[in-house]
Amino acid sequence: MSEFLNQFKQLTATGYLFWVLAILALLSAVWVVTARNPIHSVLALIATFFCLSGHYILLNAQFLAAVNIIVYAGAIMVLFLFTIMFLNLRREDEESKTNLTKMAAVVVGGLLMVMLITIFRAKSAQVPTFNPVSFDSRTGLVENLGSILYSDYILPFELASVLFLVAMVGAVMLGKREAGDRHF
Amino acid sequence: MQTDLLCALIPLFPLIGFIINGFGFRRIPKSLAGAIATVAVLASFLTSCFLFGAFLGNANLTSTAGPLKAVLFDWISVGDLDISFSFQIDQLSLLMLLVVTGVGSLIHLYSIGYMKHDEGFGKFMAFLNLFVFFMLLLVMGSNYVIMFIGWEGVGLCSYLLIGFWNTNTNYNNAARKAFVMNRIGDLGFLLGIFWIINLFGTTEYTDVFKQATSLAIGDPEILAITLLLFVGAMGKSAQIPLYTWLPDAMAGPTPVSALIHAATMVTAGIYMVVRSNVLYTLSPLTLEIIGGIAIATALLAASIGLLQNDIKKVLAYSTVSQLGYMFLGLSVTAYTAGMFHVITHAFFKALLFLGAGSVIHAMSDEQDIRNMGGLRKSLPVTFITFLIGTIAISGLPPFAGFFSKDEILAHVFEHNKVLWALGVLGSALTSFYMFRLLFLTFFGEFRGTEEQRHHLHESPATMTAPLVFLAILSAAGGVLNLPGGGWLSDFMAPLFEGSRQVNPEAFAESTIDHSTEYILMAVSAGVALISGIIAYVMYVSRGAVPAPETTERSMPEQVVYNKYYVDEFYEAIIVRPIRGLGDALYSFGEFIIDGVVNGVAWLVRAGSNQLRLLQNGSIGFYVFAMVLSIVAIIALRFFVRF
Amino acid sequence: MFPIVLLSVFGILLLFLGFLKSRAILLPAALLFLLVSLAVNFIDWNKTYLYFNGMLLSDNLSMVFTAIVLGSAFMVVALSGSFMEDESAQPAEYYGILLFSLVGALMMIGFENLIMLFVGVEILSVAMYVLTGSDKRNLRSNEAALKYFLMGAFTTGIMLFGMALLYGATGSFTLGGIRAYAVNPQVGLSLLFYVGLLMLLIGLLFKVSAAPFHFWTPDVYDGAPTLFTAFMSTVVKTAGFAALFRLLSISFSGVYTFWWTILAIITTLTLVAGNITAVYQNSFKRMMAYSSISHAGYLLIGLAALGQQTKQAIVFYSLAYSVATIAAFGVLLLVARQRNAETITSGGSSSESFDAFNGLARQNPLLGFAMAVSMLSLAGIPLTAGFWGKFYMFSTAVERGQIWLLVVAVLMSAVGIYYYFRVIIAMYFREGATAPIRVAPFYRYVLVVATLLTIGLGIAPGLLEGLF
Amino acid sequence: MQPTQNVLIPEVIQQIPLTYYIIISTALFVIGIIGVLTRRNAIIIFMSIELMLNAVNLLLIAFSSYRSDSSGQVFVFFIMAVAAAEVSVGLAIIVMIYRNTRSIDVGLLNKLKW
């Protein structure tokens, strides 16, 4: 423990930023799952995304940090928010799950977390470390990612468009109001 | 000589018959359908005969009557295991071929008369043909996989035919019971086959047996294999504890009972053991177990047979009992004797069933012998042939059953005196219930209704002709293998070369001298004769008729008036204990064994009912179960040492 | 490779064809597109290529799997004539999505990189979510779609976590890279690798509905429109097993000792859960869902006993299973439609229960026969393809010496007979007064082909040998 | 901690062991799982799933940065794309259900069972 504290004391500002972001991310994540009001959940999730983007920047993955904000916080969460507003879900009419199921869920989830963390912290886990000699700090830059994406990963990249087509057609097909369906 | 072609033709004929009748049974007129089916099987029979002649000629020429193999095509290869679709023609399969197609054609012929008023005649004939096809696959295949296919196929046909009159729920239940019991047996058989694959890397008989000869006697793996295979035989050949389906299977039409549940399918288990004789010889313990089960089955079924009043049920229990005798023979490595009994049994049991069918036909579907009697005048042909069948099955010389049963008993005597004594006892019981059946049916006064009496008639020629044929065979079948080195044992000797190699002692020349042999014969024949006489006294002289089920069974008051001291003695010493025993055993069969089988089925259903509640429709629960499983898997892999 | 490209294009074409006034052109067009894709599949026959910078493998095995998937899809689409009669149906969209989903299936079959696997799984899954819910007014369909979607997305998370951990341990997403890491003998492997392996497996096992990750299957199969249930239980399952087989046989064969016990336990659970639960069902469709779980169990035997024969066994089994399943669902479609029409007038039992089949064989011998053959095949009765499928599977277990797995499988196959035969009994032995069902000629051909295929493979199973 | 030698290596990578990132991701991931398990509102369950995906993203980016290997970040890119597609379909399904039942409580959806 004291070793940990010693390490902690030697951290630079970035190091402290890591901790702050980590704790904030976890707290807002907990808020996502506990908030009674769906809108609060959405906001908390957006906060989590911002914290994670901070992490990405710390990890020198600027491009993904930007994409995360734009796609996740910008597009996906707005879609969520839109749906919630659309369905007018502000009321607190859910939550009839018994405390027993909740307890069981938390216990099982906690058990999973404890087990995984124990495994990952074990001596034999052999978590890889960075190699100062061959380290390339330009890994996460747009130029680098772009050239890989359009060379090595061209096939999945193109086929992802099929996925979007399916999603688009499917969403329209399912979401479209048929004659006789209710308005909202 | 196009042996391959001939081999292919034999099962092909019935298949063609099945296809024609099966797909066109709505359009083909009845007479034609019957003719097609019968001709198909008859063609197989003729081909088999031709093949048999060729084989004999061949064997005489070369004097090494090795099996002929006809590889039709390569089937599959799984890894190193190659399975070809091929037939093996040797002494054993030829004998079975002749029996199956020969008796089969007679029964087909008979069915034309017996079933002609039935709506589903074409369908019936198609199923019969399909059955013959699978049965031929079973006996001709050159490896265990083909045998298994035939094995499953005949089970399926048996299921379809038992439930043929499917309007009645009881018939369906009987069909289902037969299927379930056969499945249990098949599981054992299948596991046995996979074990053979595991051990020998092949399923081809010749290769398996060649490799097996190099193993030591009592090899534990062989023990397991033979036991598993025998489980299959127990199901198919109705041995304890899987025998209760056979009596119930009598719900099917009578020709079906004759063909499937007496003459052919139920002997598949014996065929399989004889086929695998090398393996069984290697495992004396299995043989001991078979012997125990066989004698128990023989006695149990015979004692139940004493009390039955349904003409077909008596014959059914008698079949179970005779199958027990066959296994008894196999258990003392008297494979030839076992096969001999298979053949003679096929003759006389088919005869008896067909005779019974003729009676039932005449009696307008009456099956209760208490309502028959005195039929010998109205049904003379049926009576005479039935009499011959009865004498044959009872083991009275010089008819077929005498020789085959006697040979089995002689071998058993050599092996174990107690088993022999029990066997003789069973033989006495057999003789008694068969004569009882005969006397109650054909002698005495007619006890049926006026309407039935009016309706009594001898069956048409298509039905009596097979009876006559079979009667001749039953009477003369014994010449196949007369005591003291008959034709059959010489013919079949090459089959047991491997067994002789691994265990010469089991095949040593008979140690009992001729005088003992004659005494044994005399004893068994005498016992059978005495039982027959007792039955005569009981049911003809005294005219006793089994009481209807509503009144009390034992009626001492009636007996008091009787002058025959023998009767009283018989009643007190033999009949009552045996009745008690029979009742007890009957309930054992009906309640314990069926109970276990039904219990398992019930357990599965109950388990199903409970298990499906897990599927409670809630996403929360589903996800929870998944997460729990993930936790369990990770715990199992990382935190539990095993 | 060619089918993937073509199918993407054809999917778009179909969507545009939907703008035409005439709906009648859609079905022939979809069938034609599938046939063309099936044909071009074999261009590379007997050659092994890695396409697109090592993203996609094309070898004989993947082509055979592709052929099975496309063939199944062809038969399913061929059975879809009823869309044309249904006003609220949107056939252009359905066919388009089906074709797109096949792209995903083919990616799962030929992937060389986990990204391909992931995108493929997602294309297939998203398409299935949509199709499951395509009967929009039907609450059962809605519920099934939501269940499938939520659980599928959840599992995607698990699977991705596994992929991430594998990447962390091995530094590569390629099958070869992971394999190179896993067979590396110098040091013990990272624990991240093992956890990642388990999570990835769980993700895929969910897709093939292996217990205890099977809970979605009965509900989703039950609620989805029957035609798409047929599609899911054949195409998705085949693709899932192809993917599992590739992963396990290429990347993870070096650590067989680590995962086989887990897989064997899961196999046992799957066999028991599928077969036992099916016994109590009254709805044929739901029974088929449990039956598909149980067949996943039989297929898993081949993986748990991974060996030389696994490849052949899985190919044969999935082919036999797919053909029989499609025929069964094809008959169910007709029967259910007929019964629905009747219940409107008279009122009676559910259109998908076992009772709906009562007396079918008498009125419609062809339908009865096709159904009976496919039931026999699913039950594994000899002289049908299903028997040999089971035979192959069981002999893989024997080869690895996993006798207890074999014993469980053999016992459970006996249980299976019980519920498959219920249909046969209903069709042949029960009375049911119904008018003959009109079967469109093309529909009839599909059923006949499926039946002949089942019998043909049952008589000559060697036909498929040596192809791959 | 050694003094910084290579200014191009981000300070976080030099100061924080990779294990910490793994632990944080695991924690986020499990929070997401717990969210799926405890909530009944379909949308919130869905958001919890998004949380799980983001935990994976963090994990992948951490691995990718520590290993100086871009393919991990490309994978993240794909995950985001797929997530967007999934969200559109998922929300369409939820809307469809709401239209039919006026509720998105998954606990009420249990017509299909047994």
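When the chains are written out, they are named A, B, C and D in that same order, and each has its own residue count from 1.
Methods note: a contact is a pair of C-beta atoms (placed from the backbone, for glycine too) under 8 Å apart; a residue touches a chain by one contact, two chains touch by 3 or more.
Composition by chain, UniProt nomenclature: A = NADH-quinone oxidoreductase subunit J; B = NADH-quinone oxidoreductase subunit L; C = NADH-quinone oxidoreductase subunit N; D = NADH-quinone oxidoreductase subunit K.
All of these numbers come straight from a predicted model, not from anything done at the bench.
Using the average of C-alpha coordinates as each chain's centre, A ends up farthest from chain B.
Set side by side, the interfaces C-D and B-D show unequal numbers of C-beta pairs in contact, with more at C-D.
Chain C and chain D, compared by their mean Cα positions, are separated by 29 Å. Centre-to-centre separation of chain B and chain D, using mean CA positions: 67 Å. Inter-chain centre distance (chain A to chain D, centres taken as mean C-alpha positions): 4 Å. The distance from the centre of chain A to the centre of chain B, each centre being the mean of the chain's C-alpha atoms, comes to 70 Å. Across the assembly, chain C contributes residues 115, 119, 122, 126, 129-130, 133, 136-137, 145-147, 150, 154, 158, 168, 171, 191-192, 195, 218-219, 280 that each touch 2 or more other chains. With touch defined as above, residues shared between interfaces to two or more other chains in chain A number as follows: 97, 101, 105, 108-109, 112, 116, 119-120, 125, 127-128, 152-153, 156, 160, 163, 166-167, 170-171, 174.
For chain D, residues that reach two or more other chains under the stated contact definition are 18, 22, 32-33, 36-37, 40, 45-46, 63-64, 67, 69, 71, 74, 78, 82, 85-86, 89, 93-94, 96, 106-107, 109-114. If you draw each protein chain as a dot and join the dots that touch, every dot ends up joined to every other dot. For chain C in complex with chain A, the touching residues are 4, 8, 11-12, 15, 51-56, 88, 90, 93, 96-97, 100-101, 103-104, 107, 113, 115-116, 119-120, 122-123, 126-127, 129-130, 133-134, 136-137, 145, 168-169, 171, 187-192, 195. Residues 620, 624, 627-628, 630-631, 634-635, 638-639 of chain B touch chain A in their complex.
Within the complex formed with chain B, the chain A residues making contact are 97, 101, 104-105, 108-109, 111-112, 115-116, 119. Taken together, the chain D residues at the contact with chain C in this complex read 18, 22, 25, 29, 32-33, 36, 42, 45-46, 49, 52-53, 55-56, 59-60, 63-64, 67, 69, 71-72, 74-75, 78-79, 82, 85-86, 89-90, 93-94, 96-97, 100-101, 106, 109-114.
Those residues of chain B that touch chain C in the shared complex are 73-79, 81, 145, 148-149, 152-153, 156, 163, 166-167, 172, 179, 183-184, 186-187, 190-191, 194-195, 197-198, 601, 604-605, 607-609, 611-612, 614-615, 617, 619, 621-623, 625-626, 628-630, 633-634, 636-638.
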